[in-house]
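Below, chain A partners chain B and then partners chain C, in two separate complexes.
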Partner chain A sequence: MQEKKKKGNLLVRFLGNEKYQFLTIPLFAILISLLVGAVVLLLLGKNPLDAYVNLLQGSGILPKAKYAGGKSMLTDFFSFMDCWTPMIFASLSVAVALKTGLFNIGVSGQMLAAGFITTITVGYSTLSAPIAKPLVILVAAVVGALVGGLIGFLKYRFNINEVVSSIMLNYIIEYVVGFFINTRYVNPISRQSQTVSSEARLTLSGTKIGDLKFDIPLGIILAVIVVIIVKYIFDRTVLGYELKAVGSNQKASRYAGIPVGKNMILAMMISGLLAGLAGASYYLGYYASIQPKVLSSTGFDAIAVAILGHSNPVGILGSSFLINIISKGSTYMSSSLGVDAEIASVITGLILLFAACDMYIRYRVDKAKENLDKKSERRESHE
Partner chain B sequence: MNNVIIDGLSFALPLFIMAIGGIYSERSGVTNLALEGLQGFGAFTGALVAYMLMQFTSVDSSAVYYVALLFAMIGGMIFSLLHALLCVRFKANQVISGVVINILAMALTAFLTKVINRSVFGTPSDKFDLGVSARWTVPGLSKIPVLGAVFTNIYPFEVVILVLAFVAWYLLYKTRFGLHVRACGDNPHAVDAAGIDVAKVRVKAVMMSGALSGLAGISFAYSISAKFSSSIYVGYGYLAIAGLIFGNWKILPTLGACLLFGFAKSGGYQIVQNLGLPSSYSDLIMILPYVATLLLLMLFSKHNQAPRALGEIYDKGKR
Partner chain C sequence: MADYIVEMRHITKRFPGIVANKDVTIQIKKGEIYAILGENGAGKSTLMSMLFGMYEPDEGEIYIRGKKEIISSPRYATQLNIGMVHQHFKLVSNYTIAENIIMGIEPVKKALGIFPYVDIKGANEKIARLSRQYGLEVDPKKVISDINVSVQQRVEILKMLYREAEILIFDEPTALLTPQEIEFLLKIIKGLRDGGKTIILITHKLEEIKKVADRCAILRRGELIDVLDVQSTSTKEMASKMVGREVSFTLDKTPAKFRDVVLDVKNLTVTNEDKFQVVKNVSFSVHGGEIFAIAGVSGNGQVEIADAIAGLMKAHSGQILLNGKDITEYSIRKRTLEGIAYIPEDRQTYGLILDFTLEDNLALKNYFKEPFSRKGILNKKEFETYGEKLIQAYDVRSGQGNRTQVRSMSGGNQQKAIIAREIQQDTPLLIFVQPTRGLDIGAIENIHKQILAERDKGKAILLISLELDEIMNLADTIGVIYNGQIQKIADASTLTTKEVGQFMMGVKNENDKDGREVKD
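The block that comes next holds the complex of A and B.
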């Protein structure tokens, strides 16, 4: 009994340290969800530990028992990074909007619009690599920013809730792009759009180094740079300050002379720009073609990642790494353990659920900590 | 013309009942983006029960249908408790909670459908086949020109929805409970001062939205898609939200908005068919309800007045 109480105290002390709460509380949420996931796996008669090790193996973080020719742990990790890149951009996109008090649920649609326009303009051109690759990034960024800006404009000018308008745009983009792919750009065998030229693609696919074949994602370098830029904007610039001010209290910002409408449109443009980059690294990087009439789940998972990372660019780097392990590793887990790959999205959903409760967890921890403090004070006064 | 009315109604009415659910929740002050997930989870429970009855018993198929409707409402209601728990008790951000619940519902139902199909029914399938329910035609009335289409080929759920919609309207505008719900969304402090538990009213309102969304979900599953699968998540929940915002959080104008969506969709299909266009053009028609929503919101959003305390966590100590 005494022992148990002590452990409880330790947990409260650990979680109650305000200096590290930004890290400990999300970790606690992840831990609970992994435990719940483990219970589900146990109910299915699988060893949860095996499952989680499989996830890491599938992501190239732990070595697998055997590899096919041209593959190794390192090539797995490179393809993990390939998949990670769009996730970083997409989560940054959600985070920028969240910081300004906007909820960009249209990241997937913006990704698709940017990916599609870039594919048909640059992806199908005969430009050489040094011109095509920067052009891909530029075109995608502009298209994304325009779509995002439209959502911001609709909110500012017509008072249309950004959640509703971005969802409407998601569907419009999905069907219109699907229509054009199916009628003009479809590859009849794969039922996807024609693949883009390797000059334009941001991933150097199948690069041979020694015996190994690597998929080298060039976008990851850009992603890390963008993380730093976004962090700089929010920490050090007037723009970042104004965006945050609008996000925390619109009335106070207006009173202080900050143009709320302009900042909202600006935030949605930046958010859309980042979503555009996510689209480029997804449809002209990780993949080289577009599946018609499907929105990628990346834009929705990105919401989870951004919340989990507390909309902090560096936090997002960590949380996207984790969520990506679960989604990327699930294919290997399902083949080696015989569990449905869908369990991975269930675990992601659970992580989200507990991450959404972080205010409550924090509140409970603070309460418990207060009680502890009172108790120890009383004990001291007795002595 | 007849087809436009028949198909339009069978699409608009489920949207309408879901939007009423949303109105309850939002009028009580809880933003509800979770409608999409709630209708999916409701449809899942209803379809599961119906499929089990069909596989293991020889119950009459129309009885199965009504049991499915009932369980869909129960399923939606139970799942909505999660949203209520997060928003009311745990004081989470309501928009985030809604989106999380949608993601979780999608993942959970896809996973469970596969697992249950394999372990209970012994088939590797990711859907429950339901078929399309029987349809009614009112003799006599259906012979009236043009308007007769309203009484032709009615799905039973359309009647259920109309009855429930009337009950919901009465409850919201003519009873004490309805007044409490509406007051909670505008001035929860006054409600609290009057000695009524704000949290309780809000939880009830959210449960109501869960039950009504579940009914909408199973209606889609029994008509348009004829099965339960992950294809149930095509954004009708969000469309319902657009409908209720367009309807200014009031039940009757919302009916108008939903009818408009329904007729925009069925009318568009009819045009594609009449012009003899290839089927890929139906993709372009699919965007009509969404484009219509955006345009109409542009025209009417400016004057919309959302419930004043919408999305705000109720804090007793706040003034």
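The block that comes next holds the complex of A and C.
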């Protein structure tokens, strides 16, 4: 009992250290969610430890027992990064909006719009790779920025709540794109849109290096660069200063002479632009086609990832990595362990749920720490 | 010992970086009005927060009715019949008065003996009864957002009384009230005492203490300096004990030297969101080296005049000229650059971005200019040195200097930061709205000196205040506003406080033939 108490105190001390709370608390949240996930797995009669090892194996972080021809841990990790790339962009998109006090729930729609327009303009063209690939990024960015900007404009000009307009736009984009794919661009066998040319695709699919076949995501390099750019914008530029000001206090921003409306439109444009990049790396990277009438879950998971990463670009790099292990590794886990892929979704859901409890956990920790401090003081004064 | 209803013995409370209370002992008798006097950050509110269970003391003991208690939460404090009215009210603005009052202890009745429901009707009646009993007229069915500050305060008081509080703590209750409302409140407080309640009054306003309190404890920098009998002590003595040095109540004000007209407002009309005219055809001008003060009861359009000049509200008609230039259609930013500094009424909503650091807030009006930024890239080094400079020059105190989140700073220091930022803009026109609201004597004295210094530098000052004393002390010219109209503009030396007060009430109106002349 005494021993247990001491350990509890240690945990509180560890989590209570304010300097590292930005890291320790989200990690603690994830730990709890894994424990709860373990309970779910135990109820299904599976060994949770195996399941979690499977997740890491599926993501190419731990080696599997055996590999098929042309595969290895490294190839798995590359395909993990392939899946990770759009998540980074999407989460940054959410974070930029959040910092400006806006909630972009339309990332998935903006991804789809950008992905579709880019697919039919560049993806189906006969352009050579050195022209097509940059063009994909450019077109997707512009389309995303336009859709995001529209949402910002509607809010600024007609005071339409961005959550409402982006949800509605999600539906409109989903069905309009679905209609065009089904009537004009469908591949009758896969029931998806025709695949884009490999010249345009941002992932170098099936690249042979030695005996191994890699899916090399070029977008990941761009993603890391964009993380740094977004961080720089918020920390070091007039634009970032104004966006943060508008995000934390619109009235004071107006008083200071900051054009609030312009900044909201700008924030949504940047957010949309990033969503566009997510769309490009998703529909013309990780995948090479679009499934009609389906929105990707990436844009929604990104909300939780952004919150888990405290809207901090570097934090997002970390939190998206963790979330992606679960979503990417779940395929292998379900096949190897014989649990349904849905269980992985349940665990992802749990993690996101606990991530949202981040503030609550912090509150409890601070409270516990306060009590602890008091107790030790009392003890000292007795001695 | 049993004489004391509240005893706090050797209380010490530390926060990171500061000792808020250091070995403070106070003893309060049943049925007295006990004032706690001290400057901002002296530890008054902290001390009372511990009595109300919001914090626990690090050292020391609290005795209630002679019994030792560990007050771990406001809920437990309520059980001990302790109630508190906070400086910033804790009301749900879209609930009715009654709903706010019963929140947490809703009277439940059962329909048909099984289905529980909140007996709002009974609550309404009980509240109406209470409000009559204590002279706190309210309509329980009104929604909080529709009633003004002084009525909201009555609701807070009723909330305590509804919970049968015997020990009532008031934290700076008069900070947001007009002179008339203050009078009324003090009367209520006296009435409560005469009804057998014990009152603890946290304040830094000496006149109030002199008017109502029986005894007064003085805190300075967390320490108890003295406990005084109010009747036998002069306000001057209280003030010097509170500040720790001699305080001069009168300012060394040299005669004004008027220069050219800086601000010229012509026939300004401003309408609010409901298209209601809140400022009607107002004209006045302010010279360099002049303090032009607008006196008026709260809500008579004075703040809207300031907002219209600064560009936060649009002028419906009329003209605003700054140094002869028509700025009526200018954006807020352009007006700032043209030469307007503005200390707004609501420092937390308008004046500051609370989640920003102190240095970021101090640069709020400069960040886009060189050397603070160049081609869109911020120069953080400049933010730091500039912040450092202002913090030094204006004695802005905070936990972590430049890097302090402004939210964690005391109200007085927040205001100092705004004033530092605005004065430092070195503009020909400075607009001060309620610059000393909620501040203590030391800080007020300081700000008044700064306003005068700016005037003497040749700046034009527009001062808007609800504190008549402040206006009488500072103004060279006084304009009195009532119901959106300027009633009177005159040289300050030709007006008495009483006259200004009458114009403020709209009683004495020279333009209005039907206005009742009140003879002194």
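Some points to look at:
In this text, the second predicted complex is superposed on the first by the 383 of 383 C-alpha atoms of A that agree within 3 Å, B and C clash if a C-alpha of one lies under 4 Å from a C-alpha of the other, contacts with A are read in each partner's own complex, and residues count from 1 in each chain.
Here is the rule we use: contacts are C-beta pairs under 8 Å (C-beta built on N, C-alpha and C of every residue); 3 or more make two chains touch, one makes a residue touch a chain.
No experiment lies behind these values; they were computed from the predicted model shown.
Because the two structures share chain A, they can be overlaid on it, and in that overlay chain B clashes with chain C. Look at A:257: by the touch rule set out above, it reaches chain C but stays clear of chain B.
When the two complexes are overlaid on their common chain A, residue A:182 makes contact with chain B while staying clear of chain C. Residue contacts after overlaying the shared chain place A:304 against chain B, while chain C stays out of touching range. Counting the residues of chain A touched by each of chain B and chain C gives the higher count for B.
Within the superposed three-chain model, A:359 lies in touch with chain B and out of touch with chain C [touch as defined at top].
Judged by the touch definition given at the top, the superposed model places A:239 against chain C, while chain B stays out of reach.
Using the contact criterion defined above for the overlaid structures, shared-chain residue A:349 touches chain B, although it does not reach chain C.
Contacts of A:47 after superposition on the shared chain: neither chain B nor chain C is touched. When both structures are laid over each other on chain A, chain B collides with chain C only at 92-100; the other stretches in 38-46, 74-82, 92-100 or 254-262 stay clear. Interface residues of chain A facing chain B in the complex, by the touch rule stated above, are 44, 103, 105, 154, 158-161, 163-165, 167-172, 175-176, 178-179, 182-183, 293, 300, 303-304, 307, 340, 342-343, 345-346, 348-350, 352-353, 356-357, 359-360, 363. For chain B in complex with chain A, the touching residues are 33, 82, 86, 89-93, 95-97, 99-100, 103-104, 106-108, 110-111, 114-115, 235, 238, 241-242, 245, 280-281, 283-284, 286-287, 290-291, 293-294, 297-298, 301-302, 304.
Contact residues on chain C toward chain A in their complex (touch as defined above): 56, 58-59, 310, 312, 331-336, 342, 344, 349-356, 360, 364-365, 367-368, 373, 376-378, 380. Every residue of chain A that touches chain C in the complex is listed here, in rising order: 236-241, 244-245, 248-249, 251-259, 374, 377, 381.
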